[in-house]
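First chain written, first letter: the chains are A, B, C and D, and each begins at residue 1.
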């Protein structure tokens, strides 16, 4: 689950990390009032959206007066950034930046450990730094149980070339960022840039966090940060029903049991010249309820011109799945052509049941993909 | 021959009195797996699928000599179940459970490694040595005995490939699902090493998907250590970046973990990569032929 | 550091362990009032002293009425239990005990891990059980980093033969007791007895905790539980001055540098027919300040009839130590004979300086011990 | 020959710019120990006792090839210093620091063991191989080269015995203080194994004290594995139960850990136990003679 910058900053602040305190505005008026409350000096107006590249898209502006803040907010609010509509802006005081750094915590999959990264190249795209100047990123793998040792945090500070009297302050922030990541079950915790101000203080100027969906059950305060405006309504509804759903840009709706098979199905659609409209994994059982729910999710997309149901009947019997599909179609009205691929246990019986119901039922995924693409263009 | 499980497997089922546990215990027994016992705290004295139920893994190991354990307990109790199995001295633990938080798995992984045990999964279908032992949730009937070792991050996609192999007359030495989570106990590299060393395995199928770099690590390992022919398939060529595709680990992040990268890494290591699961048997036959 | 039962119960309650809630009285009047407030039914009046064996000593009484509670408190307050004067009693409601257990957490030194122990023989002396029926004590070594796993806590419950529906409740208490021990840096956390009431609830009926002195710096709330009445004033004063001091029953005061040597010195005194009045380790330096402080501590005991100073000059030079002793004697008035043993670096020069000051200075510990015993009986 | 430290020791001093660290670094250099560097965060560029100071142990190891580290940092920072040394690959870490909380040392101990490194202490005087390397705070001049291996839980009491040995013409192969805390990295048993295997050690002195059961474990080990003569001394015959005698680990608790128990265990294992430190040289000479 992703959260906004201002929410990430609040989480970090709760764990003792100094952040640039600001307030969120949803209207230009509010932005003006906040800028006025912040007093004289420059303020930054920052679009709050769940995507990167705000800066390049014009989603971050500096303002020298409350009036300028108002104008900037007016320009940013409502803006579309990579498909995200800006509904909120964060108004923060300008900072006196002496030096910028990057500090991030993430899972290191190959090592199966948590990785803490720091770089002197703060404020820029860290993935670009990783690709082009990897030696500029310093890394410490946290102990899987003991966490990030103080010595490791200091080691990052020294690797950054910090003067001796700044190392402990940096190390404390690195340890706290690690602690925040661990305590809140984050999947990413990033401060970029982490700045050293002219006065020599540390300040997290921008923050980004995302959280492990599987651990949200034990973090109600994080779950409460969810912004429904930022999530695809269909994806949200799918999750509630225990279905994995991801919206894509094509026109072939997909309903599949199993995540790997669902990806392979999308690939097969593409291979046969079609474009998948979604990723959808109904989960193990493929019961009538789940299939009905899946139909609802897929048909909610007006771009969908045909639906491919791909079920490999393993433990679940094909005839039971077919029965489920028939039942589901009795409940949900589907106006586009449906091709069903049913294989595995009792698949023949299942295909017979589907054919009875007037559905195209085939044996292999490739065949099904070819047919559904044909149906869509028909 | 085979890897990890066979006729000598003495299987313990953790969470055996639950819905999933009891169903699959019965299925495994029906397949012919030697299920020697089950564990559910407070379940002592019960019998499920003909197997006695114990309160603790320690008791069960003492009474039954179990040497493999399979875990069907809910995500929030699964890490404890893995610790219990490993600490009771079980050398091979298979965790089916989906949805375990990553931060729980990091110390579990370290503990399993330090203990010298092997964990398969979590969020995996388990493994099967056809005709000898099914330790998982896969449909047994699609498998056949034979020379192909199969390792996969996926569930139903694996069944799809296995089914195609069996129909093509290519049986399996062992088919192993390593799981779709970001932190899993056994990697492609581990499985490849086992198949390479297994005399009954003549060729290997590797089924990967987007996310992480285990396929790239596998490619490096294959180039250096694997002499047997390897055929691959990677799911998710059409997956968009930044979105989890069902599996917690199936995500292209920071522009890395794409199918294209994995395919080219495998091909560079001499692996024949199929465009569709149905091409796997043909590529395999070609590889075995020469 | 030791705390009273009622304080230990408060610490456990703060960590979610159900304890038998009571109140502390320092007078019979208060005890009567508390008993009245607790309502009808039996109450227990329990002496609060930092020692075991209260029950046998008559320090725990049951009372069936507020008047009886008053009488019981009157009998117990002021009582001497193993050298401890009872200044407080805990008044708690009587519990409906169905079954008694022992549950304890302590360091297992040979394994260098924390040990959790449980026994069905609750309410009795656990050391006696350990000696005579060791098979009745069930043990689980906590993971050095991950702590006591849930499965380990359950394993203890099953080993106790608890019915299945009581195991989780027990396991939760065992995990919380471990967590309390770990979080508060205890050196002992014990519930004895832990009872199952007639209603089937778990209740910690008596609690004992002690804490690692070296970790108190990070537990001010535990440090605040210190009861000066229960500590030897001299030992307290010594600790403040960085000196290890333990009061003993003999008449030969000892001042030594190093703990092992201090014990060996006491043993030597005993070997030569004397009885040490104390254990005292002045620490490394043996400066004039420390020696003066040590003289103060030792001479505070009126039983002391002679003092043995035993210094092995290692890094510290013997002449410097001698100078320190002379200076200290200039500040503190010592009325009993002093024998100084000084060895190591520049020891001869040191002994000469001491002889000049009229002190008996010898070369070996045995010689010094023999001489100080003679001086004491003289 | 000797155990653990010798002329090949390349010593790093953690906390070298502190009062204790700089004083003892100088003392160790004066004794002839090869002090190759020191570590104090932020101290890079300084020189103490002729040794260069580094910011981190990793840097110091890289630059100096240090193979032993000695720690003089305050108790609340000492566990981190041990982790840093061990994680930087230093195989032998000596921790002088007194007053580390027990609950901090439990995971430190486990980590050191799992890493395959050796920790001596904490709360110990260190160790010395006379004429080769002094890695600790003991007065060097009382030692002499010779055939006696000495291991002790104490500081000044050890010096007392060493002094008596040297005066009696009995030099030491290595004298090792393992520390007075309840959780220490190296036990009597570990040290006895090393002395037994060291050809230069002809006899062993073990100096114990009340508390714990390391002496009893040592007695069992001696009975089974030690062929060289062993002489012992146990301090604290007159110590009362339930009171810590200076050392955090020197306490008779629950009626166990008494000097009497330890003495009888050692005697049962064939160890000659002295009543006074001064008897040690005589018993040793008798043991060596016959």
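Assume a contact is a pair of C-beta atoms (placed from the backbone, for glycine too) under 8 Å apart; a residue touches a chain by one contact, two chains touch by 3 or more.
As the structure is a computational prediction, the values presented were derived from the model and not from experiment.
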{"item": "Gap in Å, rounded to a whole number, between the CA centres of chain B and chain A", "value": "28"}
{"item": "Computed distance of Cα centres, chain D from chain A, in Å", "value": "54"}
{"item": "Residues of chain C whose C-beta touches two or more other chains", "value": "145-146"}
{"item": "Sequence positions of chain D contacting 2 or more other chains", "value": "107"}
{"item": "Chain-level touch network, classified as line, ring, star, complete or other", "value": "other"}
{"item": "Pairs of chains found to touch, sorted by chain label", "value": "A-B, A-C, A-D, B-C, C-D"}
{"item": "Chain D to chain C touching residues, read off their complex", "value": "27, 75-76, 99-107, 109-110, 137-139, 141-142, 152-160, 163, 180, 182-183, 207, 209-210, 212-214, 217, 233, 235-240, 243-250, 254-255, 259, 275-278"}
{"item": "Interface residues, chain C side, partner chain B - complex", "value": "143, 145-146, 149-151, 154-155, 158, 164-165, 167-168"}
{"item": "Residues of chain B touching chain C in the complex", "value": "41-44, 55-59, 77, 80-81, 83-84, 87, 107, 111"}
{"item": "Partner chain B, residues of chain A touching it in the complex", "value": "107, 109-110, 112-114, 127, 130, 144-145, 182, 185, 187, 212-215, 217-218, 244, 246, 248, 256-264, 266-271, 276, 279, 281, 312-315, 343-345, 364-366"}
{"item": "Chain A - residues contacting chain C, complex", "value": "145-146"}
